[in-house]
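Two complexes come next, and they have one chain in common, chain A, joined by chain B in the first and chain C in the second.
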Partner chain A sequence: MIAYLIRRLLYLIPVLIGVNLLTFALYFIVNSPEDIARAQLGGKHIDQSVVQDWEDQHGYNKPLFYNNKETGIAALTDTLFVKKSLILFTFNFGVSDSGRNISHDVSQRMWPSIYIAIPTLIIGLLVNITFAMLLAFFRQTYVDLSGVLFCIIMMSISGLFYIISGQYFIGKVLQLVPISGFEGGFSAFKFVILPVVVGVIGGIGAGTRWYRTIFLEEMGKDYIRTARAKGLAESRVLFKHVLKNAMIPIVTGVVVIIPSLFLGSLIMESFFGIPGLGSYTIDAIRQQDFAIVRAMVFLGTILYCIGLIMTDIAYTIVDPRVRLQ
Partner chain B sequence: MARKHLSKTTLLTLAAILLLTACKGKPWNDPYPAADADANVYYASFSEQPKTLDPAQSYSVDEAVFTAQIYEPPLQYHYLKRPYTLIPLTATEVPKPIFLDANDEELPADTAKKNIVRTVYEIHIQPGINYQPHPAFAKKPDGSYYYHNLSAADLADKKSLADFTQTGTRELVADDYVYEIKRLADPRVQSPIFGFLGKYIQGFTDFNAQLKQNNNVDLRQVPLQGTQVVDKYTYKIIINGYYPQFLYWLAMPFFAPVPWEADAFYQQPGLANSNISLAWYPIGTGAYMLEENNPNRQMVMTRNPNYHKEYYPMEGEPGDLKAGLLTKAGQQLPFIDKFVFTLEKESIPRWNKFLQGYYDQSAISSDSFDQAIKIDSAGSPEITPLIKARNISLQTSVSPGNYYLGFNMLDSIVGRDSERARKLRLAIATAMNYDEYIAIFLNGRGVLAQGPIPPGIFGYREGKEGINPFVYEWNNNNQIQRKSLDEAKQLLKEAGYPNGRDLTTDEALLLNFDVMSGGTADDQAFYSWMRKEFNQLGIQLQIRDTQYSRFQEKLRNGQAQIFMWGWQADYPDPENFLFLLYGPNGEVKYGGENATNYQNDQYDALFKKMRNLPNGEARQHIIDQMVAIAWHDSPAVWGFYPQGFLLTQSWVAPTKPNEIANNTLKFLSIDPKLRAELRDSWNQPILWPLTVVVLIILAGLLPIFYYYWRRQHRPVRDNNK
Partner chain C sequence: MTFHPVILWTDALIYLLIIASIFCVRWAKRQEQLRSAWRQILQSRLAIISLVILVTYAAIGFLDSIHFRATDQNQITSVESVFDYLVSPLGKNDEKTYSAPFATHLYNKDIIILPNGLHLRDFPHLKFVDEEQMNPVDNRTLDIIRHCTLSTLGGIVIWFIICALSIMLAAQRQQQKFLTKLNKIVKEKEGIVWRTVLITVGVIIVLGFNLFDLSHAYHILGTDKVGQDVFYETLKSIRTGLIIGTLTTLITVPFAITFGMLSGYFRGWVDDVIQYVYTTVNSIPDVLLIAAAVLALQIFISNHPEFFSNLVQRADARLLALCIILGLTSWTNLCRLLRGETLKLREQDYVQAAIALGTSRKQILIKHIMPNLMHLVVIALVMDFSGLVLAEAVLTYVGVGVDPTTLSWGNMINAARFELAREPVVWWPLLAAFLFMFPLVICANLFADAVRDALDPRIRKL
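Coming up: the complex of A and B.
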């Protein structure tokens, strides 16, 4: 298994180089270093010499991939791609084009995202599994049919609707919690309730339907028929056998998203004023801050790959038949 | 028995509901700490994160909200007087220009402007002004600095400015102002106005070149020709030629003092890794200092304990007394202890929190406009009953800026000197219904523009004499009226495009509208509206939308044909608007702000005269001539002057909108007790609907449980029987 993990981690290197290359190429097809400089300097009274100074000071005065002015390996290394993108492999994210330390910002902003993401994930899982089990228990009855209909309706509604409605009814009409805002520590509780409730409700439709399908698939298998034939109560069949075996796809599905949880949610954080990482990349794209874009894409790729590796490991834990070789 | 039990349960439930709904206390939805409920704290929001608070770099309105309270340039604008008047801030008086000839001999004040080779501004600052407490000034008993020249090990655990426990202060001196002017030319700082000031401050570009040669130099050691420290409290700025508008620049944070200790402290390696820099932790002498800088959540400014004595103005405009603007006359500033700015990216939560009393003032977004404002039959805005019921007041003010539809005068179809192109531009100007644009896209928050100069700026003319006679006329009801579409079509015909067909090619006239895409749904509506306006003349309009940087590049390269653009004043002088059409300020040839690249020798000659004149009849006369030329040549369709609507809670003392000055927070005052009372009464939690929802869910679950119970206990059928 260790050899397998090392191999998977080594696969990460070409994946990261590829993603870096792609991000770099796509970004500089649309933007030039001068665009980045002007975006940072503002729109009024900007002189070309100031733009040049900015490029010099921020290291954007180099060619993209090949430096004619250098010889040997320096012609390849003294370029924007190497200096700005490949340097990320040292996990030195550097400073943003507006002058802030990216690692520091990420470390500060990931926590508010986690404050929202973890409770939403856990409570959402509990609610969805409970509801899905209820529907599976009452399969092919009016309870099941109306539950599925309810799920489809919930899935059809835009996530934005839940956010605005939640803020309107819970925050504005009932005045139970702040409409938006955030505080660290224990004070976070009152700010987290609303986004978590909205996140859980917004996820009920899709989550429940998915888990219901998993449960129904398990319930049709021979071992369940055997359990029933033994005379086990339906609740025992459901909790003891169906749930246990259905946990394999559930756990693997959840584990893959865990590493990316701290990247946050753009809309949720924008509306609820959560100072997380959700809008970090989008804001950076809008402000043409390439330093942040490249760092976040790099980080996102690593986390996604780690999520996939964790899924593989999770398989071996929840299903002893699986072996990583 | 069951009946008795049921009634007991019902009674208990009802009692619980009553108890929950009857509890009256502090609001649950208060986003601020309970301890601050009746504190003298002003709450506001911001939607765009500041990028830097370094006074040499910051040039955005979003940043000026903070920088203008923290930094103190030598001059400021009078809070109440209009037209906007410069008064001293840290200076003892507004400096008088001293004119010099080529031999640096002083010239008389009434000397001809063409003879002036240099102008000197000698600025005396008030003694006894101290900086805010800051670690950069903290000194040990032996006189050395606590936090200068720290080792990497010393800095390892410093993650925020609060980790530096010792603070100090020192007196503001003339050197600090000169130091900041040098920073404006420092290539390491990259001030956006370096290029602009290079044209004026003596030796500015040479100083920049000198610093490029020696990258890590201490700015105090390198003299700048255009600045001179006379004594501890006096310094001189020497500018090339005559530029009377330079005084206005002395009221901007660019010319605020920066102590050398700031660089000595912040440039220590390692601090930048924790985002501890002048860009994020400013050092100033202003009424407020930045206590918390978290641009992703909250910016907090607290009262500067070392703030020098400054008093609320004793006089203002006629009407200010009646408006309650002089009730605090002569009282020491500032009034509020703390300002808390919270990031609100979305307008809906921001608006709802304002209605709950959690923001003290609010602008009005399009989403909430109908809830706040209704337009009466005369077209004037008034607040809705919802807003009136909360004693919220509305203030409107026209911003010193303009938005226009520009024609690229280098373009072969809409530009250049030909009469044909001029008539085409005039036809478009006549057909474009900006009244409709203001109503549809701005909810009426704009004033129809007639020329480059907006209301409130010297040179603007109101009423009949101020209308553009090529596009508008004054009707019998003494109202402005756009000329008819037939007249526009006639102009188009005279231009050689009858019904939008080019006579020379016999093809439909196709024009290009270059625009930056905002990526919103409103964009498509706006493009449709633009096409409709041009279609009235039979002209086909092609929309070329692109991202902001591409759009700017098109303007710089002269590749745009027709574009919408705007200008916000740097200072309240007509020169700052009329230079938008000044030939040597053309964007393509000279990299200036004249985006249309308009060039007219007569206009340019008049501009040179006008910019050197003081406000008065002679200046007005020249401005009238310049505006008339612009109307005739029509390099732009003058669209609108943006209008700001501001809602203010009842606990905020009357304020006067000031669209030029940004350092006005020190004049604000609130009644925190009234606010706390109103917030409490507006925000009591309502719990009974929640109880009802829980009961409904329980009621829904009962039959399910019953069904489950029946299913588990039903007798097994024997199918063999």
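Coming up: the complex of A and C.
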């Protein structure tokens, strides 16, 4: 298994290089650094010298791949590709286009994201699994049919509607919790509860439906028939056999997203004014701060790949039949 | 007045898509397994109703995709679509600012200059609404009822005519008597298709007549911040939503089929390269990748204004760019699916037989493998559609969606955020976006489910 994991980790490197090349192509070849400087300074009619100054300040005044002015190894290293793109591999995200230290910002802002993401994930899972079990218990009856229809209806409503109406009714009309904002420590609770509730409600449709399919698939298998044949009560079959075995796809499906939770949710955080990584990214997108966008793409990719590797490990833990080679 | 047709990029691609789907349908008609799947879809009442509603949306979107420029005595007007022309003067009467649905007055007080020269601060009358309805409120209710009754009656009459004509045609083709055919349809003796279709069409016609009539007398969904009719806006948003849902597939499908088949069939280094590419693209979180790509393209578009002669073309280019990017980021899942299926198919006896008989690789891929992948492609397409329509709203909110000047549900929801926070609350643009987006998405979801149930061999066995 160790050998397998090492192989997987090594495979990460070409993937990350690919991601790096892709973002590099998008931001330095499709658009020259000069375009970025102009977008950042705002407008076409900026004086060339101002643009030049900005490029100097942010270290964009280098050639793409090969620097004629330097000699030896520096000709290859003192370039945009190395200084702006490959350097991400050392987790040195550098300075954002507006002059802030990205690594510091990231380490600061990932905690509020976690405050929202983890409760949403756990409560959402519990709610979805409960509903899905209920529907599976009443399968092929009107309860099940209307439940599925309800799920499809919930799925068909854009998440933005949930957020806006949640903010409006709970925050503005009933004034139960603040509409947006954030504080650390225990007072975070009143700011976190609304985003979590909205997040859970928004996920019910798709989640319940997906878990119901998993349960039903499991219920069609032979060992369930055996369990019923030996006279087990339906509730016992459901909780002892179906739930346990259905946990294999459920757990492995959840594990893959756990590392990405650090990134937070773009939409949620920006609507609720949570100072997490999601709103950080969205602000960067709106201010066209490409240094941050590139760093977040890189970080997101790493976290996702770690999630994939964790999934493999989780498989061996929850399903003893699986061996990694 | 003379009309000059204007073909925007997205229009051209929509026409291409329609032509392509006509060819696909003609091909599918000859395949027995697809015909039986189609018959299975038509056994579900929900699927039929969804299909009729989707077709209605598509018709509006299509009419809105035929653009022209009207020239009137050397006075060039802006680019319009056939749809604008049909519903005019709906898009043209601009009020000053917000007004509530069916209102006769503006939502905000403003200074009115009376005929005798005095200034008064009050709610000004809307320009659009008839003078007669302005005085007492009772008048308005009566007027609305009058409009509704008349248009409902008109709708029913038209519906009867349509029913009679279509039944007559069907009866003539099958050489039956009109009454026998009518009886069969009413009692659903030949399956549930026709009665369901006719009833759904009837409801849509009556509803459409009502809305059309009322929208010419009132702003039935109010007006927005700049005084634009919200009902018109949400109707125009249909095209944007449909384009994002459908044009994206023009990119996804060729990529996924080509790469999926090649990597599954040839294996070896081809497989390694293609797998590497899609793992890389797939490992970047979706929104981030789309945002990164759209931002890059936005800068490109704004730095090269010389490519676009006017604002409409520029907004159109952005819409197209969004579709291309969504397509380039979403082909990976389908590709992986097709690769797996090709790996399985190439070991099948009939493919092995074809190889033994010396059929060329190209022939095997196109004749023997591709047709057997089509069901997966169709399932993926219909399943993705609703997600894409929803994604438009989210991406537009993030700031990497359609152009702010393009009328879209995303832009409407985006604006609603601030409208709900102001006092007094402006709720109707959000409601309008919801009222028109929700049926489209839910019908797409229901229809997609029916298609999947009919085409997926794993489910069919159960």
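Rule of thumb we're sticking to: the second predicted complex is superposed on the first by the 304 of 325 C-alpha atoms of A that agree within 3 Å, B and C clash if a C-alpha of one lies under 4 Å from a C-alpha of the other, contacts with A are read in each partner's own complex, and residues count from 1 in each chain.
Please note the rule applied: contacts are C-beta pairs under 8 Å (C-beta built on N, C-alpha and C of every residue); 3 or more make two chains touch, one makes a residue touch a chain.
The model shown is predicted, which means the values in this text are computed figures rather than measured ones.
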Side-by-side fit of chain B and chain C on chain A, or clash: clash
First, second, both or neither for A:300, with chain B first and chain C second: second
Contacts of A:263 with chain B and chain C, given as first, second, both or neither: second
Comparison of chain B and chain C by chain A residues contacted: B
Partner chain(s) touched by A:57 [first = chain B, second = chain C, both, neither]: first
First (chain B), second (chain C), both or neither touched by A:182: first
Chain B versus chain C as contact partner of A:281, first or second or both or neither: second
Partner chain(s) touched by A:160 [first = chain B, second = chain C, both, neither]: second
Touching partner for A:172 - first (chain B), second (chain C), both, neither: both
Touched partner set for A:320, first chain B, second chain C, both or neither: neither
Candidates 225-233, 531-539 or 567-575 of chain B: the single one with C-alpha clashes against chain C: 531-539
Touching both chain B and chain C, residues of chain A: 30-31, 35, 38-39, 44, 164, 167-168, 172, 270-271, 288
List of chain A residues in touch with chain B within their complex: 30-32, 35, 38-50, 53-54, 56-57, 95, 98-101, 103-105, 108-109, 112, 134, 137-138, 141, 143, 164, 167-168, 171-183, 187, 190-191, 233-235, 270-273, 275, 279, 283, 287-288
Residue ranges of chain B touching chain A (in the complex, touch as defined): 27-31, 33, 49, 51-52, 59-60, 187-188, 190-196, 198, 205, 208, 272-275, 277, 279-280, 294, 296-297, 342-346, 348-350, 352-353, 355-356, 358, 547-550, 552-553, 570, 591, 593, 683-687, 689-690, 704, 707-708, 711-712
Residues of chain A defined as touching chain C within the complex: 14-15, 18-19, 22-23, 26-27, 30-31, 35-36, 38-39, 44, 152-153, 155-161, 164, 167-168, 172, 220, 260, 263, 266-267, 270-271, 281-282, 285-286, 288, 290, 293-294, 296-297, 300-301, 304-305, 308
Touch list for chain C against partner chain A, complex: 276-277, 279-281, 283-285, 287-289, 291-293, 295-297, 299-300, 302-303, 386, 390, 393-394, 397-400, 409, 413, 416-417, 420-421, 430, 434, 437-438, 441-442, 445-446, 449, 462
